[in-house]
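Alright, structures below, take your time with them.
Below, subunit A partners subunit B and then partners subunit C, in two separate complexes.
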Partner chain A sequence: MAGRTIKVDYLARVEGEGGLKVVVRDGKVQSAELSIFEPPRFFEAFLRGRAFTEAPDITARICGICPVAYQMSAVHAMENALGISVTQPLRDLRRLLYCGEWIESHMLHVTMLHAPDFLGYAGAIDMARDHGEAVRRGLAVKKAGNEILALLGGREIHPINVRVGGFYRAPRKRELEPLAERLKWARDAAREIVRWTARFDFPDRERDYTFVALRHERDYPFNEGRIVSSRGLDIPAAEYDEHFEETHVERSTALHSHLRGGGSYLVGPLARYSLNFDRLSPLAQEAAREAGLASRCTNPYRSIIVRAIEVLYACDEALRIIGVYEEPELPSVAAVPGAGIGVGATEAPRGLLYHRYRLDADGTIAEARIVPPTSQNQPSIEEDLTSFVGGFLDRPEDELRRRCEQTVRNYDPCISCAAHFLRLDLDRG
Partner chain B sequence: MAAEKPRPRLAVWKFASCDGCQLSLLDCEDELLAVADAVDIAYFQEATRGTISGRYDLSLVEGSITTAHDAERIQEVRRRSRKLVTIGACATAGGIQALRNFADVQEYASVVYARPDYIRTLATSTPIADHVPVDFALRGCPINKRQLVEVLAAFLVGRRPVTPPHGVCIECKLKGAVCVMVAHGTPCLGPVTHAGCGALCPSYDRGCYGCYGPKETPNALSLSAWLAALGMDERALQRVYRSFNADAEPFRKESERHGG
Partner chain C sequence: MTQGAGRRMVIGIGNPDRGDDAAGLEVARLLRQRLPGGVEVSQHAGDAAALLERLDGVAAAVLVDACVSGAPAGTVLRIDAAAAALPRWGGSASTHGLGLGEAIELARALGRLPMRCIVYAIEGQSFALGAPLSPPISKAVVEVARRVAAEMAADPIEGREARVPAH
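After this line comes the complex of A and B, so read on.
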């Protein structure tokens, strides 16, 4: 009685394919399930037997939207296994590459995928009819990020210049300089985008999340740092498995990550921001304050503002790096194969991305494990739906459906990433 | 004045893939809004809400076929499409996920998933052309966005896209890039790999790793002898052909000659 099931089979504007199911009984949300239809591609299985040097290029193909994140977690894990570390200019170049990916990925999400939810359009192409300037500006900032990837990485999607130990070729200082012009423009534009998103109408919903992100002694985190949480966790990446676990939820198609001992957690822009506000550049902090954000943000709908702030930060940081860049003597540090276990945790645009490898003596991968951000956020997404959607139940079906989709899109879920380890229950009735 | 002609309807479909190739369309920042003016982007899950309806003048298909459901879905896509173009190595050759074709997929499932019995997947990852007729195939992992724009432009005026079928070596020569194999002894798949990237890897002091798949009539046998002379052992030789286009025939055949 009074039961209804809201089903959204294919989620638009989510990279990859997923659907969600919310079951309502007697006016209450009984359960919310985000299901993934992505066919598994078995990366961890076929990585076995490959050379350690191949991991960055192979794992990049898990996700075309955040390939740099996969490359970075892979190279750090391999360097950890082999006991090498890169020189300062190479470290800077890695941060610069990551800036490019954050800008590109966040702008895709902010402008093309998420803003249409707030402004009431089916997608950015429709939105462009009334908000042409905003869409063009978003695309132009996105392009600035892609230019970093194209120059430093060789191309925007699946860059070819990243290797264990550094790069194949380090750019000349004068090659980087032309990037600065556009980045200065992009930084100003990002500031405008922060203001633009801050004016959207936000549902008044907050949750007391357990945030998890990297924290570095000096920098806003990309490649390095300890894994910390808003409830006092503070561990090196090597202890990840002691504190986090993946469990299989009956009837759900997905593997869910939890903190050991129970509890969902949240990774990604909200978590990074809330745990590292003091590491943002002064300009980014100022923009955040102007947008009315405190140093901690627990309203997931406002993640769109936080993404815009991170774009501003990434432009600022990229400019800083280009300014101080000194060409390294060698584009990479030699990596001699050897047996070992290595982990790498870096901040993908969508949050913490963990890789762990076991290598044989000749550097062949014996075992691989990859935990992408979307799987870690899956329990949080479902809890958000369960606790927020109740308040929208009196709205017309269509609006309710949109609210559900918007709530999922708060997480910018990258379903291609998550699916390679998802457990599929194809009995969908 | 003639009545305005309806714009051709474009659809973008996804099968097993990383989304990178369809993202190339959204990465055409300068052309995207112009494309959206010239064609009606009628179905594109990654960009817009919209339901499958009617027929499409052009379908871009990303990804390979790895499930029974997808094997049916591609038939439906073909029925609804006047022209069907595959984009990328997954759709054109089965992609990196076709490494299962050389292994036991049950064993793969048991390595990745605690409950492999929940996994419904085919034993193989196959290209779209194994299932339905394909009008044009765009190579690359990922595709080159300039070539994608060329495909769209050619389609709009009804001509065949111009995408040279020669090897990456020719692109190096055209670009005046130094041959990494001759100059530095760096192993390179350029001699057997399809053009399209603009000789990207050699321009970054790296050997080509074959992400555009085999060119027309590649001589992989002779290349392997070169690579072996540069110090690649049998296992490395097998791996080098078994990546993003592992099941494209010339690469598969050559990989089967090595291993040891």
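After this line comes the complex of A and C, so read on.
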């Protein structure tokens, strides 16, 4: 019998918990299934009947790691529904806030969750005993992100300063100056972290992904842009539903996203980078070249380098914004309630986060829909496992198990956004 | 981030929206006005990296969190984390991949664990979204607040040097 079963009951080092089953028959991976249970569905129901002004604070609660992404997609969707556009200083502050979240989220994943896979440790604690300086450096860079969030968001976790139309309070220019000092240090440290990750040993595995990300006329994307793909898609967020669909899969309460008639796609750092390399700052581009990356990256294991490059970019961009910041006359633009449909798509650390709302005339939310990045990436995670795990089947059981986990962690799946429990069950017959 | 040696801190950990997971937060709330001057009281979501930063430069910390060990609901466990690793209690009830146990071990590995570090773990019963504290947990919260207040009032560590504050 050439089949065998490998079971991992608990997949560690992902945000939240979920389950994974890989079936192997006659030396080939037959299927890989990720099963997760999804709170955003609960939030969609919970939002109905609430005021449009409440959406940013309610949706921020979906995830403790990426609350800004939820807030940003929510406010952009509401502003789209109500025909509001914000002023340039407010737009800059939103980008700055997003920089903070990317720095925090990516540094946590690169240093604490993903690096142990490459350095051969069971987790960050074991790694910290031998690589204490690398862990300290990662945490200190992450702290720069925390400080941006604390200042602009009002606090480090579940920020409360974001509102439809802008902010409750805009920072004074002098309040941003101390941030700049730490960010300059963090930018240098991030450059070192790019070099550090580039030295890891990467499995030689690539796939011809359909990348999907925002693309803006000038900026590396956070809040704004058209939704584009590596296969020529180029649409405004309002047409998202015409091109993407979600289907229910029995093993999971999370919905799986697909291109209509076109299969799986990939969102997140690899997609953003590969579709927007020319929008990175010169410093980030230089670091990428030095790390041996081309302007497009199709090896998902190298996503750890791309995350480090995005941290470097976020530090650089935050410094640029702080440098040009002028205090806005008002911290927000007035939002008058009205009936309408609005969509918002922004780039969460893990990829495209789509919100759609229908509002009644008094601004009450009549319908809400939230498509988190991990739902969109689920089919792609499964296809990576199906494609790549076969190449590791001759390895010892422990290493095989570790490779499966590492392959899932390439996506930094935010399973607390998209899921609850994660167990790994490898069935070899 | 060294902010003076000898800082003393009580940190209540949890998620306010997940039933008994809020136990630690509730203890911190009860203690806000009841501790001697100089003891900082705060609430925390439990993310290991952020918790590690919070502990940086602290000489004495009391951490309160909900846990799931299979003991009867409301059981209170007091652990001297500076002396030994936390027992594995079936994973912290935290919704995060890295929680209190990881934060403490990481702090230990990096030489940043407070010289005195006590963990109070309250056995939870229900972690449903939006649920209130279960009755046995509410009772345990009051008991833990009383014990922590007594412990901090008697604690002799004030004024000592904190260990290795790095960044």
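By our rule, the second predicted complex is superposed on the first by the 407 of 429 C-alpha atoms of A that agree within 3 Å, B and C clash if a C-alpha of one lies under 4 Å from a C-alpha of the other, contacts with A are read in each partner's own complex, and residues count from 1 in each chain.
Here, contacts are C-beta pairs under 8 Å (C-beta built on N, C-alpha and C of every residue); 3 or more make two chains touch, one makes a residue touch a chain.
In this text the structure is predicted, and so the values were computed from the model without any measurement.
S.K.: Which term applies to subunit B and subunit C once both are placed on subunit A by superposition, clash or fit?
M.R.: When both complexes are placed onto subunit A, subunit B and subunit C end up clashing with one another.
S.K.: Go through the superposed model and pick first if A:160 touches only subunit B, second if only subunit C, both, or neither.
M.R.: first
S.K.: Give the label of whichever partner, subunit B or subunit C, reaches more residues of subunit A.
M.R.: B
S.K.: Answer with first, second, both or neither: which of subunit B and subunit C does A:42 touch in the superposed model?
M.R.: Touch status of A:42: both partners.
S.K.: Touching A:143 in the superposition: subunit B (first), subunit C (second), both, neither?
M.R.: Touch status of A:143: both partners.
S.K.: Of the partners subunit B and subunit C, which touch A:124 in the superposed model: first, second, both, neither?
M.R.: both
S.K.: If we overlay the two complexes on their shared chain A, which of subunit B and subunit C does A:67 touch? Say first, second, both or neither.
M.R.: first
S.K.: Name the contact category of A:57: first (subunit B only), second (subunit C only), both, or neither.
M.R.: first
S.K.: Which of the two partners, first being subunit B and second being subunit C, lies in contact with A:172: first, second, both, or neither?
M.R.: Neither: A:172 stays clear of subunit B and subunit C.
S.K.: Based on the superposed arrangement, let me know which partner A:25 touches: subunit B (first), subunit C (second), both, or neither?
M.R.: In the superposition, A:25 touches no partner, neither subunit B nor subunit C.
S.K.: Check each of 113-121, 131-139 or 167-175 in subunit B against subunit C and return the one that clashes.
M.R.: 131-139
S.K.: Once the two structures are fitted together, what part of subunit A is touched by subunit B and by subunit C alike?
M.R.: After superposing on chain A, subunit A residues 10, 12-17, 39, 42, 61, 64-65, 108, 112-113, 123-126, 128, 132, 135-136, 139-140, 142-143, 146, 156-158, 416 contact both subunit B and subunit C.
S.K.: Quick check: in the complex, which residue numbers of subunit A touch subunit B?
M.R.: Subunit A residues touching subunit B: 10-17, 38-46, 48, 50-51, 54, 57-58, 61-65, 67, 104, 108, 112-113, 116, 122-126, 128, 132, 135-136, 139-140, 142-143, 146, 154-158, 160-161, 163, 168-169, 248, 255, 331, 405, 416, 420-421, 423-426.
S.K.: Which of the residues in subunit A come into contact with subunit C in the complex?
M.R.: 10, 12-17, 39, 42, 61, 64-65, 108, 112-113, 123-126, 128-129, 132, 135-136, 139-140, 142-143, 146, 156-158, 416
S.K.: Any idea which subunit C residues touch subunit A in the complex?
M.R.: Contact set of subunit C toward subunit A: 1, 15, 17, 45, 47-50, 52-53, 91, 95-98, 102, 105-106, 109-111, 129, 166-167.
S.K.: Quick check on the complex: what are the subunit B residues that touch subunit A?
M.R.: Where subunit B meets subunit A, its residues are 14-24, 26-27, 29-30, 32-33, 36, 41, 44-50, 66-67, 69-70, 95-97, 99-100, 103, 105, 107-109, 111-115, 118-121, 125, 141-142, 145, 197, 200-201, 203-206, 209, 211, 236, 239, 243-244.
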